[in-house]
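Down below are the structures I want you to see.
Next, two complexes with chain A in common: one pairs it with chain B, the other with chain C.
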Partner chain A sequence: MNAAPKRDSYDVVVIGAGPAGLAAAATAAEAGLSTLLLDENAGPGGQVWRAIASTPVTERSYLGADYWTGASLVDEVRSGGAEIIQRATVWSLDRNLEIGVSVGGASSFVKARRVILATGALERPFPIPGWTLPGVMSAGAAQTMLKSSGLVPDGKTVIAGQGPLLWLLAAQILRLGGRIDRILDTTERRNYLSALPHAFAFLTSRYFAKGLAMMREVRAKVPVVTGVSELAAAGDGQLATVTYAAGGRRETIPAELLLLHQGVVPNVNLAMAAGIEHRWDDRQLCWSPVLDPDGNTSVQGIAIAGDGAGIGGAEAAVVRGRIAARAAVDALAPAAAGKLAPMATLRASLAKAERGRAFLDTLFRPAPQFRIPSGDTIVCRCEEVTARDILDAVAIGATGPNQLKAYRRTGMGPCQGRLCGLTVTELMAQARGKTAQEIGYYRLRSPVKPITLAELAAMPKTETDVSAVVRG
Partner chain B sequence: MFKRSAQDDRRPVHIVVDGVAVEAREGDTVSAALLASGRDVRRATAVSGAPRLPYCMMGVCFDCLVTIDGVGNRQGCLVPVAEGMQIDIQKGKREIGR
Partner chain C sequence: MTKLADAIIVGGGIHGCSTALHLCLAGMKPVLIEKDYAGRHASGVNAGGVRQLARHVAEIPLSIRSMEIWERIEELLDDACGFESHGQVLVAENDTEFDACRARVAELNALGFTHEELIDGPELRRLVPAVAESCPGGVVSRRDGAADPARTTTAFRRKAAALGATVREGVAATNIRKEDGLWRVDVGADTYAAPVLVNAAGAWAGRIAADLGEPVPVETVAPMLMITSRVPHFIDPVVILRGRKLSFKQFANGTVLIGGGHLATPDQDRNETVLDWRSLAISARTVFELFPVMRSATIVRAWAGIEARTRDELPVLGPSSRHSGLFHQFGFSLHGFQLGPGAGAVMADLIVSGGTQTRIGDLGIARFHPFTP
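And now, the complex of A and B:
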């Protein structure tokens, strides 16, 4: 499970073992293609099914039925023919479909005839005053600890933000005996009205009844404040208080832990570094890759499936994974495609899984003040650059995220813009009176995850590689 | 800040944090074990020395950077604990060789 790839080339390499990656790998392997599944975590499942093969939370109702649906897909992949490597960090992918991967401290390159990127989503940055203080974490972080280590908050805990994951996390914490003192709901009241045109599709989707039941479960146990329009964390080297405003009323409450969440966005780093074209998505307020209906990108041979293709949720991710893999089979081994589910069936399942998404996107569209900070609120956590620093740089000529690097080093720290990129784009767009699409994003490059120079230097070299750089 | 669920019956794993023995559980990541330990495990950033704890726990924020068995700047949230693992909380920036 933790050894270097057995071969130096594969028909299909799938990157990421969440819902989309597992489905893609299972499908490609079922058709007899040589398939490699690379995943950064200790076990399969991605974030939504995190630790599904190892969670200490054995009471199944605690994590909920949707969590456990992942188990059968993990079994399907493990009993199929795909080679699976966990704790494999992919740090490079290029137009030649060559993949740089680090396993156990040593790197190698593997070639693929088709690459399916299933690198999923990450939580949208939530840049409020004090969000870098110890004791402020993302809701997803708390959920990761809950699923993989059975850890729950036990001090004064506040959850703030909006979206389905927030309510699911709250319900899970309460079921496991954890503590939540207050939930601060930042959903804008006007969103209820703008989401109305999409309500029918949502009401007839499976999200509706589930979401309602979960919110009822949580509200019975935790005070919920709605219409929160301002939010700040404070403390001296450690979170001590959370201040919020709602409906013209302002309050400061003591807190040891603040969990933030305002939705998820595609994790674009590897795809962008591979040169795949992305566009600004005005409804989901993030960068999404330009894809054909099979998930194929602007780079020949690379497809994207799952939330990395635009947020659609786990059920849609599984179907997108199967569609991308089926398209790879159609291209590489058409004779073997007969045993797979027909494309028309998959597309119908996808439409069903995506039902209700427009409603969720509109209702849980994060408010501008929580996306575009001001003053001395930190935007770039790594290089500790504030909103004011960025506006000052714009005032003296910084035109976009890439110029800004030269002024302030934003996005040049170890996270490579993952926690500041969207904020920088939107902040600069607002300051310059441009659209996010016009402002653009950081030019991302490999390595997309840090590896040591020693590891890079120890990689196998051909004679041509050496003669290209050695003189005389 | 966090407590372990009563359902958790995983085997104990012993690690050493800044020279002090800490009990973790099999399958914990380094970051989860540190947060569960109840100890002050705040690192200090390389830029200003500001105190930080992990933010995302999924490998994207790099606020969990920690020295593991002598190797600096490891992402503690991606590395599972192992018996006898030596963890050092990072204060400020790394130096060459550590």
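And now, the complex of A and C:
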């Protein structure tokens, strides 16, 4: 399971083995297409079903019933004909549908007739004062440790932010005997009103009852402060205190661990590096790929499914994966499509899974002060660039994220903008009085994940290896 | 409506921006038109080499003039442009290459140029301690160095604008024509008119020249670069190889830029390039062999900028041989960054005084049109 791809080319290559990727690979393989599923993690499942095949957390109720639905999909893929490679890092994809992939320290290229990107979501940056201190981490990172290793916090712990995943994590930590001292809910009070028009759809979605039960479970055990409108972490080389303001009241509390989370956004790096067109999504406040109803992108032959196509949650991701794969089957082997679920059925399932999404997006729209920092707050942690540094660069002529690179090297570090990109776009948009769409995003480039020089040097030679006069 | 200017410059790369600035210094009010933004293409994303080393004899006088400007760049632009002068070193990997180096330096000396010096193995290893023991020597140009290309290009633009140039970014120059003795160019809803037109449109300049009846054998190319994670400081000068396509430079922050001219596939109309990782692997292999210290470094990013390369790999610089008031400044063929400051100064000489002290006679467009009067 950990060797390089067996062939040079496949009908379908699926990148990412979360809900969307597993569903896409299962569907494509079921139709008889040669299918390769590449995934960066040690096992399938993505973030939502992380360590589904290996978690030490065996008490099923701790992680919740939704978590365990992943197991049946993993079984479906494993018993189908798809070739699955774990710990496979895809570092390049281009419009010729050529994929550079690193497995076990060696890279190779594979060609695909269709590529389905299922690279999922990333946590939205949460750039408050002190967010780069040791002791401050993202809720997602904490959840990874919990699912993979059963590790939960046992020191003074504060969770701050908003969104369904924050409550899910809190519930999971508590069920596993972890410690949470306080939850600071940053949901803006006015969002409850704005979300009201979407409430009916949400009330009839399955997320409603589940969400309510989870919040009740957490509130019974942890003090929750709502309406938090300011937040800062402080400490001398290590987190010591968290200061917050809520309803006109300000308080500083001691903390050893601060978990931050304000929602997830599509992980666009590979898609953007492949030249796929993205647009700013005003409701989800992030970049989303421009897609047709089958998930096809602006680059012929590449589709996107799952949260990478716009945040929709795991249930929607599974259906989107099946839709994208079914569209690939329709294109490559129409005769085999008959054995798959009809497109109309899939679209109806998708509509059902997406019900309530507008409500969640509106209710959990992060407040401007938590998205757009000011002063000495760090924006780019790779290069230690503050909000003020960026405004100074704007003042001398940096008009967008790409020009900013020349002044401040933002986005040029190892994270390739994953931790600062949205902040930079919104900060520059605000400073210049433009929309995020007008300001744009970093031009992303492969390798989207670093590879070693030695690994690149070991790649197969070509006849173009000829000497020539040097010009640089 | 039609706006009058002293000169219209098409293209906001380092060449167009430098010409705009030098025209302003001469008291003119040019308008600079850039379809994207200044430094969007090759000028902003090249290796930043400030190199007199290993140039074709025909462009050495221009390179020397440029070097004088580089050495006072902060004074000129109020921005240091990241310029550092640690020299550039050409490495010979074997005796045959070293003999060629010796002949080259002798040739330059005979022509009166002294910026290139032959160096033996010990001096090579003093300058570039990490280089493989087997290399017998090379050539150094000690005043050379490197700068930050995007910062430099925007600094030229900023200073030109501060001195009175009109800079129009984000709108393409269209419908370029000469009417009633003036060059006219549409820019969105506006039309600019001027007695002088400078074609500094980089990869797009060939189309402009052809449309004006002066086709040049020029192709669009996209040389690739890649940059590594930070590694401990081990090298000061920029290094290029005599026999293989490689240029190599470590920045102050420890990252290493690897270039040398392997090409991506450009898509000019999309402003896009598709990288050729198989060729980048060749560069990686060369670095791997030459600098063992680099083997565990990671490649963080790779990219390519779109530019023009002429058939003889020399730029087209000077007046049109067909139209009065038209000047060409393009086709720098992967080595135009260092020439930018000097080429702008030369263009200003030509436009303002009708001639220049800098010998650029071999770079004129007429070399491609031997039968045109």
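The rule we apply is simple: the second predicted complex is superposed on the first by the 463 of 472 C-alpha atoms of A that agree within 3 Å, B and C clash if a C-alpha of one lies under 4 Å from a C-alpha of the other, contacts with A are read in each partner's own complex, and residues count from 1 in each chain.
In the analysis below, a contact is a pair of C-beta atoms (placed from the backbone, for glycine too) under 8 Å apart; a residue touches a chain by one contact, two chains touch by 3 or more.
Being a predicted model, the structure only gives us computed values, none of them experimental.
Once chain A of one complex is fitted onto chain A of the other, the partner contacts of A:150 are limited to chain B, with no touch recorded for chain C. Applying the stated contact rule after C-alpha superposition, one finds that A:141 touches chain B and leaves chain C untouched.
Within the superposed three-chain model, A:86 lies out of touch with both chain B and chain C [touch as defined at top].
Of the two partner chains placed by superposition, only chain C is touched by A:100; chain B is not. Touch criterion met: A:405 reaches chain C, while chain B stays clear of it. In the superposed pair of complexes, A:450 makes contact with chain B and with chain C alike. Applying the stated contact rule after C-alpha superposition, one finds that A:397 touches chain C and leaves chain B untouched. In the superposed pair of complexes, A:414 makes contact with chain B and with chain C alike. Shared contact residues on chain A (touching chain B in one structure, chain C in the other): 413-414, 450. Residues 40-42, 47, 51, 54, 56-59, 62, 87, 89, 122-123, 132-138, 140-142, 144-145, 148-155, 176-178, 237-238, 256-257, 267, 381-384, 413-415, 418-419, 450 of chain A touch chain B in their complex. Listing the residues of chain C that touch chain A in their complex gives 37, 39-40, 44, 47, 49, 51, 54, 90, 148-151, 154, 157-158, 169, 227-229, 238, 240-247, 253, 259-261, 270, 272, 274-275, 277-282, 284-285, 287-288, 294-303, 313, 333-335. Those residues of chain A lying in contact with chain C across their complex are 92, 94-96, 100, 109, 275, 396-397, 399-400, 402-403, 405-407, 409, 412-414, 416, 443, 445-447, 450-454, 456-457, 459-462, 464-465, 467-468, 470-472. Residue ranges on chain B touching chain A, taken from their complex, read 1-10, 25, 27-29, 32-33, 35-36, 42, 45, 47-48, 50-63, 65, 73, 77-78, 80.
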